[in-house]
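Going in written order, the chains are labelled A, B, C, D and E, and every chain counts its residues from 1.
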Amino acid sequence: MSRVAGRFVLPALVAALFAAPLWFMLTGSLRPAGLPPPRTLELWPPEATLDAYRRLPELMPLFRYLANSAMVAAVAVPLTVLTAALTGFGVRLLPPSARRKAVVALVVVLLVPVTAVWATRFEVFRLAGVTDTIVPLLAPALLAVSPFLVLLYAWSFGGVPDSQLQSARLEGAGWLTVWRRVALPQVRPATLAVAVLAFTFHWANFIDPLLYLHSGDRYTFPLALRFLLLLNPTDWPLLMAGCVIATLPCVVVFLLAQRVLLSDDPLAALRRGRP
Amino acid sequence: MTDGGGLRLTGLVKAYGPVRAVEGVDLDVPAGELVTVVGPSGSGKSTMLRLIAGLERPDAGMVAVGGQDLRDVPPHRRSVAMVFQDYALYPHLTVRENIMFGLRVRKVPKGEARRQAGAAAERLGIADLLDRYPDQASGGQRQRVALARALVRSPAVYLLDEPLVSLDAQLRLSTRADLLALHRQIGSTTLHVTHDQAEAMTMGDRVVVMDAGRIRQAGPPQEVYDAPADTFVAGFLGSPPMNLVPGGGVLGGAAGGTVGVRPEDLALDPAGPIEATVDAVETLGSEAVLLTRCPDGLRLAVRTPPRLSLRPGDTVRLRFDPDRLHRFDAAGRRV
Amino acid sequence: ACGSEPGNGDGRSDGADREITVTLFGDAEEVAGYTSLVEAFEASSDVGVTLSPVATQDDLMARLTTAFAGGAPPDVFLLNFRRYGQFAAQDVIEPVQDYLDDSEVLGEDDFSPRALDAFRFDGEELTCMPQNLSSLVVYYNRDLFEAAGLEPPAQGWTWNDFLAAATALTGGGTYGAGVEPSVIRVAPFAWSNGGDVVDDPDEPTIFTLTTDPATRQAVDWFLDLQLVHGVVPPDAEEQSESSEARFLRGTLGMYLNSRVAVPTLRSIEGFEWDVAPLPVAPGGEPASILHSDAYCMSAGLDDHAAAWDFIEFAMGVEGQTILAASGRTVPSRLDVASSDVFLEPAEPPASSQVYLDIEPYLRATPRIATWSRIEAEANDLLAEVFYGRVDREEGLRRLEDELRPLFQQPAVGS
Amino acid sequence: MTRAKGERSLSGWAFLAPYAVAVVLLIAVPALLNVGYAFTDHTGLTRDPQFVGLDNVRRLADDAFLADSLEASLFHVALSVPLRLLAAVGLGLLLAAPRPGGRWFRTAVYLPTVVPDVALAVLFLWVLNPLYGPLNQLLGLFGHPGYTWLSDPTTARVGVVLMLLFPIGEGFVVVLAARRLLDGRLYEAAALEGCGPFGQLRRITLPLLAPVLVLLAVRDTILTLQVNFVPAYVLTDGRPANATLYLPVYIFDQAFEFSGFAYAALITILLMLITAAIIAVQLLAVRRWRVLR
Amino acid sequence: MTDGGGLRLTGLVKAYGPVRAVEGVDLDVPAGELVTVVGPSGSGKSTMLRLIAGLERPDAGMVAVGGQDLRDVPPHRRSVAMVFQDYALYPHLTVRENIMFGLRVRKVPKGEARRQAGAAAERLGIADLLDRYPDQASGGQRQRVALARALVRSPAVYLLDEPLVSLDAQLRLSTRADLLALHRQIGSTTLHVTHDQAEAMTMGDRVVVMDAGRIRQAGPPQEVYDAPADTFVAGFLGSPPMNLVPGGGVLGGAAGGTVGVRPEDLALDPAGPIEATVDAVETLGSEAVLLTRCPDGLRLAVRTPPRLSLRPGDTVRLRFDPDRLHRFDAAGRRV
């Protein structure tokens, strides 16, 4: 029976622990406004209501902010994946000594604190004439969000044997074709992981819109959440509803990806998903 | 199909750090010839193929196909197909897609590519695997997929790196025949690396024996077998290999040199000049090999018919055919 | 939506067209007020406005610093008085004095002198136009007062009256008063008692919480509310439920805050509430602290005409009326402040006159460049003392000692 | 030049080129500007910074707040990085094995990672709530009175670490994927040579995952020191008594709140040096794992 | 050293989903015996070894070593060493560390383990690779590392899954001899899977022929060769394989059954009863194989001495030794 404990009871406890924050966020958003905070662990609010969600759009142009966020994500996520995948493949192609140098260089890039570039980047954007456009929000995508994602790809591509890459070359494929048709399809779990991480990043990106966007009607949802936070610091249901809306797309994207990403055998899961 | 053009290697050298994998190879393969390459493990066979394919840059020397120097031609522009020792199948593609890959890359229309892939699979007996993935096939089946992938194309040069090792004896025999038929039909220049004595002897127009990054001998198989250029080749081809007797010994003196005799050129003969004790009898079904030892400690292998009632410890007398002796000088070269 | 709009990006630098950017801060409802203001302005003028709101003053600072450092500051920005010194000291604000003097729409005496004085960095020239005039007041729960048999607070009530009321209200899960421990909450009490929190309001070099006896008395009275009398919610209670939430729920008798609390308090349905002035020190005089935000124009831009047009409109009767309607601000324009829009809206508080009565007694904290930093650190230390995490004497001494160097920080941007 | 680089490595560099351009424009140039500013009197508001030499460096020496900030950051890294790594690796390995419902266990572990920083902080304001928060209520079940988490320097720091123990999904997923890539045959070989489950973990899994683990550790160190402060900023904003005034918070305050742009630039350099030093120590410590091979 | 104890398999069954890899295997290997296992690709050889090692749980049946039922003994507690078909070397360890691994796990002191690893490497000719990593070695070298890793230990049972395929002929021969010597010295019960006819015939005390998850025949090699139990075994052992003539044909009628004759039991004889045309001549150095075709389309392979001057298309006459004919019934079983 200790087998069952090891295989199921422990994982289930861990899972419950990690799911708890999200659960409490959800139930928190369903509490009626003005109810005193619960004094015991409460799994479901007594008079659950969607009232907070109804009040949200009245307080701010919720849907415009959401649409702006969605548009940024729609452009930035594919761009991030593309950048990371191409760069990671480049690292993979280098001979071992050069590869080591590239990895060290990427770690150095990773080392540069974000605070070092926030304000000074503005200068670059101003010179390029792109302040108050979507471009500054796409800048992280051009950097693959973080060199970490590039390294993730490089490492995944490492799993594709040299002989396959060479075989494809001999069959007449250029390196871009090899990347697209031989290497990329084999690291789809990595692509999914990068896409999820990129989506979470871009969707929750707060500092870039704060610093580089000026027009209120271009704002993304994380900025809007800050307005909400101020509005009535004690209106927990409203706040939680805002958080739920901020979190929901990430959860949905993740749930779509986890079917493959976290399944017992990602390769098999991908094949089942084929048309 | 392609007429290809011959392959010429001139002074090829390649080292991996301190390891000198290929050390000056010159080879001339006329268009359409099939050459088998044999040599001990680590002798640089795979490396030579990789140099021809352009997957490695030679440290020195030149590869030319059809008279054209390929120095600056990247692999995907060389008209070369290769079967890798480890198959190099694409795990994310089905067997059919694996076979079609090279055609699709070269913009052959999908329907046509499918048809050709189907035909190649049919020929190699893997037609029923077409919709499986490589990891759902057994070792031998995978190897045939790799072969099919090379065969659907019509390159100037085929490079086959031990394409049959994972097949069982029966399958090996039939695939070997298929390969030969195909070669005759397409006529591409082909280099075939193998460890198998039978393949080396039967498949090629010529056999190339490599050792330590160099070509020791190249020529028609029977010629190489009958007149090995040096003791290395003599000891390498043939199973069991030639009995080499430094100094000549019982086979007749050869001061400073070596005298060799093949096991099949020794025979049991109660009146033979050589006396030996039987160390072991290896019965191979159709024949047997006697491992014997002369009183002076010299070991001689003798090929005999099976079902002899000899036991280890028995004493036998052997005769040899003086015409079939091979003589080598002190440096091991044939005289 | 963004990508499909042609020609955005560098609209302003074209020169010919009249486009300005206005950066300001506020919560969702305030921003809605500013949006109406901008719409009204655009309807009456040929100037186009890009409204660029952020939520908090911290966010505002981040955005302004980035924009200034990057060489593209907004035409107009809203600045709280306590951050003002930092900007004024570095000459990045285009003074409004000349524009106001030349204006046909606005006159200097339309506005609260106390508010205007706060934005004269050198004491002479007006640099920004203060749009509001809030102050620290006492919101109280009328029903609780009645239930406890207390008289509602009246003009001129004293510290003792306050403490007595608070004590009477405390008990059974209810606390008498709620106040956050910070410099701007303590200062009015010190002033009322004849003291000051710093040695020199114009060129401060140190806090005087312990050295000035009058200030010390006020500080002790303030700290005693929590440490001795327990009429203010203790640490854990305050963290668990803020005073504002407590007041909303009807379990807090009095709540000290500025006008900013009003929109939230208006959501109260269960009881009556109103506003009262701060209690006066025994033998002291009334005092409160100025809370004000001003429109500033960025220095160094080619043309300030359009920006001034906007400020003129926002500070005019129409503009101030629009904002006053939100209930959140006390207009700095005295005519609008004393009009019915502000004093007699349909909603509480009934005694909005309180904000105006205190106007002559309003004082401001020092305007030095490092003030916002000093204040932030001081609040931290004060909270430690207020909630008894450190000993009172030691905590106050640390507050004075540790912050002393900040007063001497190199004068930025000189 | 016959010994010229192979066309393959040339192609490799070509694939890296766009990224390199982006790095130069968006990181190198801004970062170098920032380094330059560290030796000026730039406030962030004016546009004509003057060179002041080492004035700012001298200021570092007697900045008591910086000392507090350093202490907070180092405490945070020392506690947070090992715990986060342990959790990610432990859970990754624990949940990697196929089992019915395994996917949902993994999903649950990942979920907190998708919660935006601000939302996470807001949530933990409630979790750590001294009277109503689930954490103190849980402690109550064991008869412990609980803490006023955010009032005491130590518990406040622990609270932040606790909060950051939840979003470990990235490391978790990477460990999971890496573990799956390991050849099952190696485990069979090891088992036949007499290696039990623990031996396999020690001799096969960990050494083979070493490059990934080191990468994760390096990244987590950087993340913890430099990036993860956003939720901390919302949760505690440096309080109480500078206990959570992590370096990035201090830098942010200096650069954006207090017109200390140049000084902040200098502390940024300091932060980078500290991060590099910690990473160097880590790499030296695992040198014998040959992670860069 | 270990004396090991015999190995007994009883009714072993293992299916992967619909694929029935092993379907009821009974086998009894006395302690210290070396058994070679042959069979076509996919016949369940590797699966059988994995069941013995405990890497798979049998669906039914039992594995016992030295009389002890191993059902609940996990792999790492079984005294079994295995050489995997694909080597399974640890990529993060040097060749030396790979070889030492098992010893270190068993707490053999470091110095001693190094010494033993060095000795094993020496014996297999890979001593100069000791400080390289597996990916820096050639295919044949890797296989020897895998072998060395197994050989440093002294388990009760050795399971060798095609341990010699990647070696060239010479090396194979010498390694084979090494293996045999070692086996004699250690005396562990050994199962040796191979595709190589020569290995199957010479190495084992017994040979086991598998097909489709079942054992078709088990016995001393020459006995199996001389008296194959059915047509499958007859066709499987021998290279080229036995000529099988359904119905008997030119070999003399056998209503409903099949008659077989080995290529070496056919001989060229101008007076022979069978007339055939030469299709191809495969010269193997020491001998040649004639592929011939009878007028009725029947193909017969004939083993002859080398250096005959026959060309494809020539007509020859063949004789056979009636005593050496093999007769099988309609179900393919020997009669």
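Rule of thumb we're sticking to: contacts are C-beta pairs under 8 Å (C-beta built on N, C-alpha and C of every residue); 3 or more make two chains touch, one makes a residue touch a chain.
Chain by chain, the UniProt names read as follows: A = Carbohydrate ABC transporter permease; B, E = ABC transporter ATP-binding protein; D = Sugar ABC transporter permease.
From a predicted model like this one, the values you see are computed outputs, not experimental measurements.
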item: Mutual neighbours - chains that touch chain B and chain D alike; value: A, E
item: Target chain B, source chain A, minimum contact steps; value: 1
item: Contact pairs, highest-scoring chain pair; value: A-D
item: Chain B on chain E, rotation in degrees - Cα superposition, rounded to nearest 5; value: 175
item: Computed distance of Cα centres, chain C from chain A, in Å; value: 38
item: Cα-centroid distance, chain D relative to chain E, in whole angstrom; value: 56
item: Computed distance of Cα centres, chain E from chain B, in Å; value: 21
item: Numbers and ranges of chain B residues touching at least 2 other chains; value: 74, 85
item: Numbers and ranges of chain A residues touching at least 2 other chains; value: 37, 118-120, 123, 226, 229
item: Sequence positions of chain D contacting 2 or more other chains; value: 6, 44, 129, 131-132, 252, 255-256, 261
item: Chain E-touching residues of chain B, taken from the complex the two chains share; value: 16, 38-42, 46, 85, 138-141, 165-171, 173, 195-198, 201-202, 221-222, 225, 235-241, 262-264, 282-287, 303, 306-307
item: In the complex, chain D residues that touch chain E; value: 183, 185-186, 188-196, 199, 203-204, 207-208, 210, 290, 293
item: Chain D partner contacts - residues on chain A that touch it in the complex; value: 7-8, 10-12, 14-16, 18-22, 24-25, 28, 37-41, 83, 86-87, 89-95, 98, 100, 102-103, 107, 109-121, 123-124, 139, 142-144, 148, 150-152, 155-156, 159, 175, 179, 189-190, 193, 196-197, 200, 203-204, 206, 222, 225-226, 229, 236, 239-240, 242-243, 246-247, 250-251, 253-255, 258-259, 261-266
item: Contact footprint of chain A on chain B as seen in their complex; value: 50, 53, 55, 74-78, 80-82, 84-93, 101-102, 105-106, 133, 149, 153
item: Chain A residues within the chain B interface of the complex; value: 161, 163-164, 166-174, 177, 181-182, 185-186, 188, 267, 270-271
